[in-house]
Amino acid sequence: MIEFALFGAGRIGKIHASNLVRQPGVRLKYVVDMHVPSAQALAQMHGAQLADVVQALGDPAVGAVVIASSTNTHADLIIAAANAGKAVFCEKPVDLTVARSRESAEAVRRNGVLCMIGFQRRFDPTFAALKARIERGEIGDPEMLIVTSRDPGAPPAEYIRSSGGIFRDMLIHDLDVFRWIMGDNAQTLHATGSCLTDSAVREAGDIDSTAVTIRTKNGLLCQINTSRRAAYGYDQRFEVLGSKGMLQAGNVRPTEVSAWSAGGISVDVPEPFFLERYRQAYAAEMAHFVEALTKGTPVRTTIEDGVRALELAELATLSWKKGMALELRSDGEIEAMTEA
Amino acid sequence: MIEFALFGAGRIGKIHASNLVRQPGVRLKYVVDMHVPSAQALAQMHGAQLADVVQALGDPAVGAVVIASSTNTHADLIIAAANAGKAVFCEKPVDLTVARSRESAEAVRRNGVLCMIGFQRRFDPTFAALKARIERGEIGDPEMLIVTSRDPGAPPAEYIRSSGGIFRDMLIHDLDVFRWIMGDNAQTLHATGSCLTDSAVREAGDIDSTAVTIRTKNGLLCQINTSRRAAYGYDQRFEVLGSKGMLQAGNVRPTEVSAWSAGGISVDVPEPFFLERYRQAYAAEMAHFVEALTKGTPVRTTIEDGVRALELAELATLSWKKGMALELRSDGEIEAMTEA
Amino acid sequence: MIEFALFGAGRIGKIHASNLVRQPGVRLKYVVDMHVPSAQALAQMHGAQLADVVQALGDPAVGAVVIASSTNTHADLIIAAANAGKAVFCEKPVDLTVARSRESAEAVRRNGVLCMIGFQRRFDPTFAALKARIERGEIGDPEMLIVTSRDPGAPPAEYIRSSGGIFRDMLIHDLDVFRWIMGDNAQTLHATGSCLTDSAVREAGDIDSTAVTIRTKNGLLCQINTSRRAAYGYDQRFEVLGSKGMLQAGNVRPTEVSAWSAGGISVDVPEPFFLERYRQAYAAEMAHFVEALTKGTPVRTTIEDGVRALELAELATLSWKKGMALELRSDGEIEAMTEA
Amino acid sequence: MIEFALFGAGRIGKIHASNLVRQPGVRLKYVVDMHVPSAQALAQMHGAQLADVVQALGDPAVGAVVIASSTNTHADLIIAAANAGKAVFCEKPVDLTVARSRESAEAVRRNGVLCMIGFQRRFDPTFAALKARIERGEIGDPEMLIVTSRDPGAPPAEYIRSSGGIFRDMLIHDLDVFRWIMGDNAQTLHATGSCLTDSAVREAGDIDSTAVTIRTKNGLLCQINTSRRAAYGYDQRFEVLGSKGMLQAGNVRPTEVSAWSAGGISVDVPEPFFLERYRQAYAAEMAHFVEALTKGTPVRTTIEDGVRALELAELATLSWKKGMALELRSDGEIEAMTEA
C-alpha cells in the first residue's frame, strides 16, 4: 500500500485524486490546499485528512505526492518532496523559468526519487496508438510533424498575466508532443504570433495566435499552429509524414451521430475542452505512475522532459519577441542559443 | 442507502456490479451465483456477501436486485423478486417465450415494483443523442429506419442451441431499437435469413444472416440486416430518414488515428464487441436505474418493452420459418398474428 | 465511321448526344423527335439532320441508334431498329411490361444485333471499382447487399401516373444493381411500401417509400430501401458484406470543403440528382457502347439484363399489392411466381 | 471568333488545347513547338497549323495566345505577344526571376493587353467554393491559413536543376493560395527546409521538404508545409481558421468506395497528381480566360499575381539560404527586404 499526499484541491487536483484512488495498492492520505473548504470536500470524498505541506512531507508513511497546485508552487514542492524522499507526480509545467526547472530536476536526480510530469497527451489513446505505430515502422522515418492546437476560447486576462505567456502555458504541451513524436532534438526554432482574438490578451502583454517552426539536428521539420480561440471547440490534431506514409491523430467527438440536411452533412464538434478530451489520458497517466512506483519501472514523462519542453517554450518566447529564428548551440539543447 | 443483491457473477454480472457500486447511495450486499468461486471473487471485490436466492430475497434490507444470470432463470427471478417487493434490474431478454415474459410482466405490475430491462443501447451516448434530436424535431417525422447489426463472429454452437434462435438472441436489441426510435407499433413483419457463415449454426437449427422488414400502423418502414459475422468487427449502425433530413448513428472506434499509405487512407475498425462498444451505455443504464429508484422516476426500458421486443422476435422467427409476411391483429400487438 | 440516329431530343437525349459525338469513329447523322424545335436545336448543335423514324431506320448508312425517347416508344423502336439490322443503345426501361420487353429481347436475338440498355450505374466509377474489387476477391464471397436509393423529391403526379409505378420506374436501377453485384438469381422477394411524402403520389395509385428484400437461390440476402424524397438530396449508396469484409459505395459530393462551426463539422450534401451524380457514368456507358460496336466485344448491360430487372420490378409490384412474399419457380427466373 | 496560337505542345499544352477548343467562339489556329512531331500531332488533332513564333504573332487574325512552353521562354513570349497586341494566357511561373517577371508585367501594362497566369488552383471547385464561403462571411475574419502541399514523388534531378528551386517551382502555387485566400500582404516570412527524400535533390542544390511561415501586415498567420514525396500520393489540403469557424479544403479521391476489413476501414488515396487532381480546374480557368476575352471582364489571376507570388518565392529562397526570418519594407511588397 502506497500512501499519497495531494497538493492542490482545484479542478485538476480533483481529477488526479479520483484517478489515483482507483489504482490498486494506493491510498490518498492527505489533501493539502490553502483553500480549506476545497481541501476538506476533496479529503472527505476520498476518506483522506487535511494537512499542511510540512505535515504531509514529514509523515514517513507517505511514499508519493501528487502536485496539482498553482504553477508557482511546483518547483518548491518538487524540491521539498524530493528532499523528503517522496516519489513525485507533478502537473506541467515544472516551473515558468528554465533555471528553477533545472533546480527541481537536479533535486530529483540528487535524491534518486521517481518523478513524473503530467504531460497527459502522451497517454491519450489516439496519440499513444499513433506513436506506437511510428515505432513499429509503419511510416518509415518521420520527416515532418504538423501540430494544430486550438483552445475553445481565451482564458481571463488575469490568468494570462500570470501564465508565463502562451508559449510556456499552452505550447508547452505541443512542444512536448514534438519531442516525443519526432525523437530528435531541436536545432533551430522560429516563432511568430499575433493578438487576433481578444485585446485583453494584448494588454496582458501576450499573444493568442502563434506559428512555430522547428528544425531538428537531423533536418526533420515541425510546424505548430495554435490559437486561444476556435469557434467550433477544442481542436487537437497532429500529423506525421514519414518516408512510407502518414499518420494523423484526429479529434475525439462526443457522439458518432451524423446529421444529413439540406444544409450539409454534419458531425459533432470535438469534445469541448481538455478535461473531456483527455479524460482517458488523465486516468492512464496516473495508472502509469502508480505502476512505475509499484514495479520500479521508469516513467514515460520525466522531469527532464519537463525541463526540455520549457526550454523550447522559452526559446519560442524569445524568438517571437526578437522576430528572429534562433539556433541551439551544438553543446546541448539546454545550454544556450545564438542568433542564426 | 439502497442495498442490492446481484444474481449472476459472470461477465455481464461483473460489469453491472462495478457500475452499480459507483452510484451514490447504493451498496451491493449479496452476490448469488451457483458457481461459488465466481460469486466469491466478485463479492470480495465489492465487499459483499455470498448468498442464495432465498436468503437474498428474504432479507428485508435488500431493496433491489440485479438479474444477470442465465436467460432461463430470468423469469423465475423477476417473479420471485417482484413478489418479495424488490425493485428489479434484469438483463435482456425477459425470457425466451412470450408467455413466460408476460407472466413476469404481470408479476411486476401486480406488485407495483420498479422493473427495468437492460436494453443498454438506449443509453449509448450516440444512440441517445440521435433519439433526442429526433424528438427535438430535427428531421421532422421519421419515415424509415435502417438498422445494421453485425457481430464479429458466431458464438459456439452450444450457445446457439440454447439461445432461442438469432431473432430472440440477437435481434431482440434491434427490435427494441425499432420500437424506441420509430415510436410506432409494428403492423406487418417479414423476416428471412440464411446460414452463410458457419455450418454449425445450421446444424443447431438456426441461421446467421437475417433480413427483417417491418411496416408500422402508420406506414413507417424499418429494415434490419444482421449477421453473426463481420470480418472487420462489431458493426452497430442505424439511420433514420425523416421528412426533413436524416440522422445516422455510426460505430465507435478505439482511436482517431488515420493512416495514409499507398494502399489507402484507413481508420480503426469499430470497437471489437458489445462489452467495449457499450461500456458507457452499461454505466449509464445502471445510473439511470439507481436514479429512478432514488427519485421515484420512471425507467426508460420497462418490462413491457422487454415483452414487446420478444413478441416481435417471435413473430420474426415465425415469419422466417413459414416464409411469409405476417400481420398483427388490430386488437393488440401482443395478441395474435394472422396470415397476410 | 459509324453513323448514328438518335431518337429523343429531351434532357437525356442531349446527354447521350454530347457523349456520343466525343467518341472517335462516330457521327451523329439524324435526330428524331416529334417535338421539332428540340430536335432542330440538338441536330444543329452536332451537325446532324432532322429525320423521322422511317427515314432514319431506312438509311443503310446508319449503323446504330440511340433510343432516348419516352418509355412507351422503347419497345417499338428497339424492334424496328433490330429488324432494320441496327445496333441499339436504349435507355432503361426496355418497356413497362415484361411481355413487351421479352418481345424486344427476342427481336434483338433474332436479328443478332448488338443491344445495350442504359443501366448507367454499372459505369459509375465508384460502383464499377467496387464491383471490380469484389471480383478480385477482396471481400470473399458476397453475402448481403444493402441498397439505399433516395430521390431528392417526388416528380409531378402526371409523371408518376405514366411511370409504371415506383418499382418499375425507380427501383429498376436498384434491382439491376442487385443482379450485377450479387451475381445470383432471386428466389424469393418481398416488397412493401407506403405513401409518406406526398398525397399526390397516393392519388396517382403509387407509393413513394419502399422496402424490398430479396433472397437468392444461394441464400444471399439483399435489402433495398427507397424514397422519392430526401431533404438532403440524391442519396445513392450501397454496401456489400462478404465473408472477408465489406465494401461500401458512398455518395459523390460537389466539393471537398469541410466547415467547422459551433453547430458541427459539415461537408457538402451529395450531387443534387442523377444527371450530376452519374455524369461520368453516362459518358462511360456511351464510350463502352461505341467500343463494343467498333471492336465487336460484348456489352456489359444487355437487353436480357433489362428484361430481368423488369421482371423483378413486376414481382415487387405484385408483392407489394398482395402484401405477400413471392417465390420464383425453379424452372426460370422469368417464368412465373407462386405464393410462398 | 477569336483565333489562338498555342506555344508548347507538351503535357500541359495538350490539356490547354483540349480545354480551349471546347469553348464557344474560339479557334486554335497555330501550334508552335520546336519539337515538330509533338506540334504536328497536336495541330492535327485540333485542325490547327504548325507555325513558328514570328508567324504566329505576326498574324493579325490571332487575337490571343496560350503559353505552355518551358519556363525560360515565358517572359520572352509574354513580352512579344503583348507587344504584338495579343491577349495572353501563360502558365505559371511568369519567370524564375523577379526582375524578368516585372518586365513582363510592365510589357502587359504598357500594351494594355489582357493577361492571365495559370494559377489553376483558384479555379478548383473545392478551393473556389471555400474562397466564396469566406467571402460570404461564414468564418468571420480569417486569422490563420495552414497549407499542406505534397507531391507524390520527386521529379528527375535534371528537372530540379533547372526548376529555380522548390520555392519557385512548387511553392509558387501555395504562395499564390496564401495571397488569394488571406487577402493581405506578407510582412515577414521565414522559410526552412531539408533534403530528406532523395540525395539527388541535394546534389542539385535544392531541398525537398520545406516549412514556411508568413505573417501579414495585419498579423494574420500562414504556415505552409511541403514535401516532394508523399508515399500515399498527391496531397493538397488547406484550412482557414477564422473568428467564427474554420473551413478545410480536402483532397479529391477517384472513387467513394470504403473498404472494411480486419485491418481497418479504408478509402482511396487522393488523385495521383496535378493533372488528375486539377482536371476540372484546368478546364475552368480556360473557360474563364475565354469569357474574360469575350466579355471584356477582368481575369482572376493577373500577371501581377504572378509577380507577387514569385517575389514571395524569392523571399522564401533567401530566408532558407540565410537561415533568417525576413521582413518586407513598408514601402511595397515588391521592393525590398531587410533583416529583421
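By written order: A, B, C and D. Residues from 1 in each chain.
Methods note: contacts are C-beta pairs under 8 Å (C-beta built on N, C-alpha and C of every residue); 3 or more make two chains touch, one makes a residue touch a chain.
As the structure is a prediction and not an experimental result, all values here were calculated from the model.
Looking at which of B-C and A-B shares more C-beta pairs in contact, the answer is the pair B-C. One finds 41 Å separating the Cα centroids of chain A and chain B. With centres taken as mean Cα positions, chain D sits 58 Å from chain B.
Within chain D, the positions touching two or more other chains are listed as 139, 230-232, 235, 244-246, 259-262.
Taken as a graph of touching chains, this assembly is fully connected, with contact between every pair of chains.
Contact residues on chain A toward chain C in their complex (touch as defined above): 230-233, 235, 259-269.
Contacts from chain C toward chain D in the complex involve residues 125-126, 129-130, 133, 138-139, 244-252, 254-262. Residues 139-141, 143-144, 146, 148, 150, 188, 190, 192-197, 209-211, 213, 215, 219-223, 225, 227, 229-232, 235, 241-246, 322-325, 327, 340 of chain B are the ones touching chain C in the complex.
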